[in-house]
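Contents: one structure, followed by commentary.
So that you can tell them apart, the chains are marked A, B, C and D in the order they are listed, and the count of residues begins at 1 in each.
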Amino acid sequence: MTIVLGDNQYGKAETHVVRITKTGSGGKTHEIKDLNVSVALMGDFTASHVSGDNSNIVPTDTQKNTVFAFAREPGVGEIEDFAVQLARHFVGEFPSVSRARVSIEEYPWSRITVDGKPHPHAFVRGGAEKRLATVTCTGAATWVVSGLSDLVVLKSTGSEFSGYPKDRFTTLEETRDRVLATSLSARWRHAGSEVDWAESFAETRRVLLETFAVKHSLAIQQSLYAMGEAVLKSQPELAEIRLTMPNRHHFAVDLSPFGLSNDNEVFYASDRPYGLIEGTVTRDDAPEAGFAW
Amino acid sequence: MTIVLGDNQYGKAETHVVRITKTGSGGKTHEIKDLNVSVALMGDFTASHVSGDNSNIVPTDTQKNTVFAFAREPGVGEIEDFAVQLARHFVGEFPSVSRARVSIEEYPWSRITVDGKPHPHAFVRGGAEKRLATVTCTGAATWVVSGLSDLVVLKSTGSEFSGYPKDRFTTLEETRDRVLATSLSARWRHAGSEVDWAESFAETRRVLLETFAVKHSLAIQQSLYAMGEAVLKSQPELAEIRLTMPNRHHFAVDLSPFGLSNDNEVFYASDRPYGLIEGTVTRDDAPEAGFAW
Amino acid sequence: MTIVLGDNQYGKAETHVVRITKTGSGGKTHEIKDLNVSVALMGDFTASHVSGDNSNIVPTDTQKNTVFAFAREPGVGEIEDFAVQLARHFVGEFPSVSRARVSIEEYPWSRITVDGKPHPHAFVRGGAEKRLATVTCTGAATWVVSGLSDLVVLKSTGSEFSGYPKDRFTTLEETRDRVLATSLSARWRHAGSEVDWAESFAETRRVLLETFAVKHSLAIQQSLYAMGEAVLKSQPELAEIRLTMPNRHHFAVDLSPFGLSNDNEVFYASDRPYGLIEGTVTRDDAPEAGFAW
Amino acid sequence: MTIVLGDNQYGKAETHVVRITKTGSGGKTHEIKDLNVSVALMGDFTASHVSGDNSNIVPTDTQKNTVFAFAREPGVGEIEDFAVQLARHFVGEFPSVSRARVSIEEYPWSRITVDGKPHPHAFVRGGAEKRLATVTCTGAATWVVSGLSDLVVLKSTGSEFSGYPKDRFTTLEETRDRVLATSLSARWRHAGSEVDWAESFAETRRVLLETFAVKHSLAIQQSLYAMGEAVLKSQPELAEIRLTMPNRHHFAVDLSPFGLSNDNEVFYASDRPYGLIEGTVTRDDAPEAGFAW
């Protein structure tokens, strides 16, 4: 029996970089990009593990510097492009690095409105929702996954749950009308890397929201599948989509002890435990995922 | 020397209640109110502390039930009104309770847009920002404090910091151009309780945002004061406003080792430590704050 | 009507400093102090607020530097002493600063045991509990408050709750046996500043824990008061103690639908809502609190 | 092209159950187990996704009930055993469930000491560290992974980092002496399921801590590998171990502007960004991991 090193990776996580781009006459109009960038490198790092020989170890501090430098030049555009540039750099620059993954969270900002007009350099954070990109590169291939997280949505009707198996431990009553709420995380894999990322993101997000809203739900699984299916039908550039939908339970409060009815009007929003529904929707002819995930 | 009970209070914190109100033809259009309600009671509770005699202790469980019942009937309107009703109930119903405080956080939701129109019963969370109300009642008086928290704003220029004293431990360089960012918390005390709460909140928030944007800042203190002053000038119903502005430092990254300039374009967003600027702006003829805070 | 500046303060929050002190033969034995230090200054800062004149504003960056420098020399001893030195420095060094408050959280570490012996320079974090000190200085006076937070304790029996008033909204059943759990925060004010801080802290913490354990509880209020009273009886150096005890509800699960009994054996630990019990225990001849809190 | 359902699973996450077991004469001595239990089921759930037919969907509410019922009878022993019983139940009870995974976090408690003796029913939480178990069952096989998380450790010397490649973006200076700190997460896969879980956990944890302490570190990777190797050498029941070691950077503060030296005595503990080092150590003859992870 021999003890050996298995899969391993390392990198700098959560470099929080804000890029201001000055445009317009005299550079008076500013654009903002607010990113949290994480790098992970895979490759030939056995010597560092076994004997502390770091000749193949690109310091995570250097990775951080590279993120800042690339934010300056060539600059941050869509996060998928920025991640591609960074990932290719690490694979191309360092022979010991066979694979690089760059994961980015983008925090949304919008302009503050002053006298009915958007201000050129004052901004307000747009919410907890994040836009995501994860790009993985080898020397030969590139995989791009886009996504979003912390998109909290709720339907106050149009959701049922019934017809499930009962056993000794079942106490849940079937319902024809309930609140359905979730904090959606979704990540979708692109079939290629020549994509209008901004357009693809906006459309995918729009379809997710609309389908959540209009699909009458007999199960969260059904909503999840419908959302994924609608996205793939709408976006031919996508190979698959993975959705995570925690069930943020809203329990109708029993108000009968107080002589009050409650026709799904007053709910207790529970934190834990919660249902957690996860699923993938894909095309049967999707290209292999490779190292995308 | 005798050991005695000093100030004390208790209550149910963080009852998370969601109220759906059904309006329109056939009740098909739903409104949502999403509240986190905390109750604190003050009064004659010495016996419980000293001997475990609970004859004056309204159970926190009852307080929670009351929140749910009141959410049903009379229902939740503006959070200031809801808090007033609850606080008056506890003071009026229980002789042992001399003072009640109800604090509410409201989470914003907006309708999901489907085919360009707002959906009648599907919603998306509007961000991390919260609207706040704290109402304190005695048998004779009511104080209303409104507010907001987690309103994250940033100016990418129009902010300076210079002219400060230097000592042995000073290394900070003066700057004529920096990023100014904060997660604003503000709470404002109303002079009375006959107020159009929704209008007052919307206007106060608007003035805070606009003033943050347009005021050229020589110090966060100056921005804070200008924001408070503008609010009081705009809103005659307000007696005072308290603002908390953590300085979310954005440090321009030194890119010169990489042969790159950085004219306030690439920033490292730091978590800790952070400056914390707090101040009150008031009218010199404001009514006494009493138990408002 | 004139708009004026009211109470205000500012400072650097959450400077996270770790101090290693090397002792023993050849400095081979290391001691660790892990502190989160927050400074707040009060004084004559009107000019900065009103006109952006910062000639009285000690930069928060300088405050941070001072924390690091003082950690080196004179070094960190007990956190109360460290806070006193820092607070006095700010008041003494800057005429515009009339009052300084230094608040410290200390994170506990213990040595890793190797072959049954404590290692000289390897440590493991001791838990979520924090030791606290808040020192407030004017030119003439010093107030010291010590404390702890996040001390999570639980009694699986020896706790009751009954005899409370019932109204229309009461559904809670009286109980003669329940779990009592809380995440204790306590802060105690010293009558003077010549104290063996380490000994005082250790004894106060011990008395809090022992009293929580042995006091049969008819109400959380009763436990709270008993704990405070026991501390004051034990520690003559203390003027008062303030305790915050959120009721971490543990609800016995109804297992009868499954044909199982549950004699307080299986509990659901709930997150929200929670009871929140707060109280002060003091001496009737305690010196004035002044600016201590 | 056809759109199809891919991998999917669902279950109840974070059922927070506390089990009190009464032992000793008259049941006066209590034991406490404090668990956060998450269930995930995999199987034939296509109908629910595609058409909302829930005849194969065991409600997550039932899963929660089952956790509580099993906590009562047969009761909670070691978390690996509890997870095996639950996972086998779901696979055995429901033909549609082909695979079940039960993940448990255990929060540590110790007895409060009163008059030098452990109290029979009063407890104090032992820290942020968690003990972990993840058990995956099919009808035919069982995989057991144990672990721990949030074990925060620090070495104040005995750590170096040098010999790494330099490029255009490298500014880090080599060091022969630095602080090494991490919040360790480790999970180890058992070769079988007949194990003294408590003993195995205690020994693995001990070896991890001791190796972290005594191994002179030329790279975090080297510490990681040494820790994994030592565990596998010590514990023949283990097939592999996966370690995650975020580098909690402690930067020596430059005190020279203040005329002070800093021979690794004063550090700034940084939150973000952080290095993230992840690796697996395994036996070359380890049984296949199957569905263990």
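The rule is short, and it goes like this: contacts are C-beta pairs under 8 Å (C-beta built on N, C-alpha and C of every residue); 3 or more make two chains touch, one makes a residue touch a chain.
What you see is a predicted model, and the numbers here were worked out from it, not measured in a lab.
Looking at A-C and A-B, the interface holding more C-beta pairs in contact is that of A-B. Interface of chain B with chain C: the two copies contact each other largely through the same residue positions, with over half of all numbers used appearing on both sides. Separation between the centroids of chain A and chain B, computed from CA atoms only, is 30 Å. Inter-chain centre distance (chain B to chain C, centres taken as mean C-alpha positions): 24 Å. The mean-CA centres of chain A and chain C are about 38 angstrom from one another, to the nearest whole unit. Each of residues 15-16, 65, 69, 169, 171, 257-258, 271-272 in chain A touches at least two other chains.
Of all the residues in chain B, the ones that touch chain A in their complex are 15-22, 30, 32, 34, 65, 68-69, 71-73, 109, 112-115, 119, 121-129, 151-158, 179, 209-210, 212-214, 250, 253, 255, 257-258, 260-262, 264-271. Residue ranges of chain D in contact with chain B, taken from their complex: 168-169, 171, 257-259, 271-272.
Residue ranges on chain A touching chain D, taken from their complex, read 1-16, 38, 40, 45, 48-62, 64-66, 69, 93-94, 96, 160-167, 169-172, 217-222, 224-225, 228-229, 232-233, 240, 242, 246-247, 272-285.
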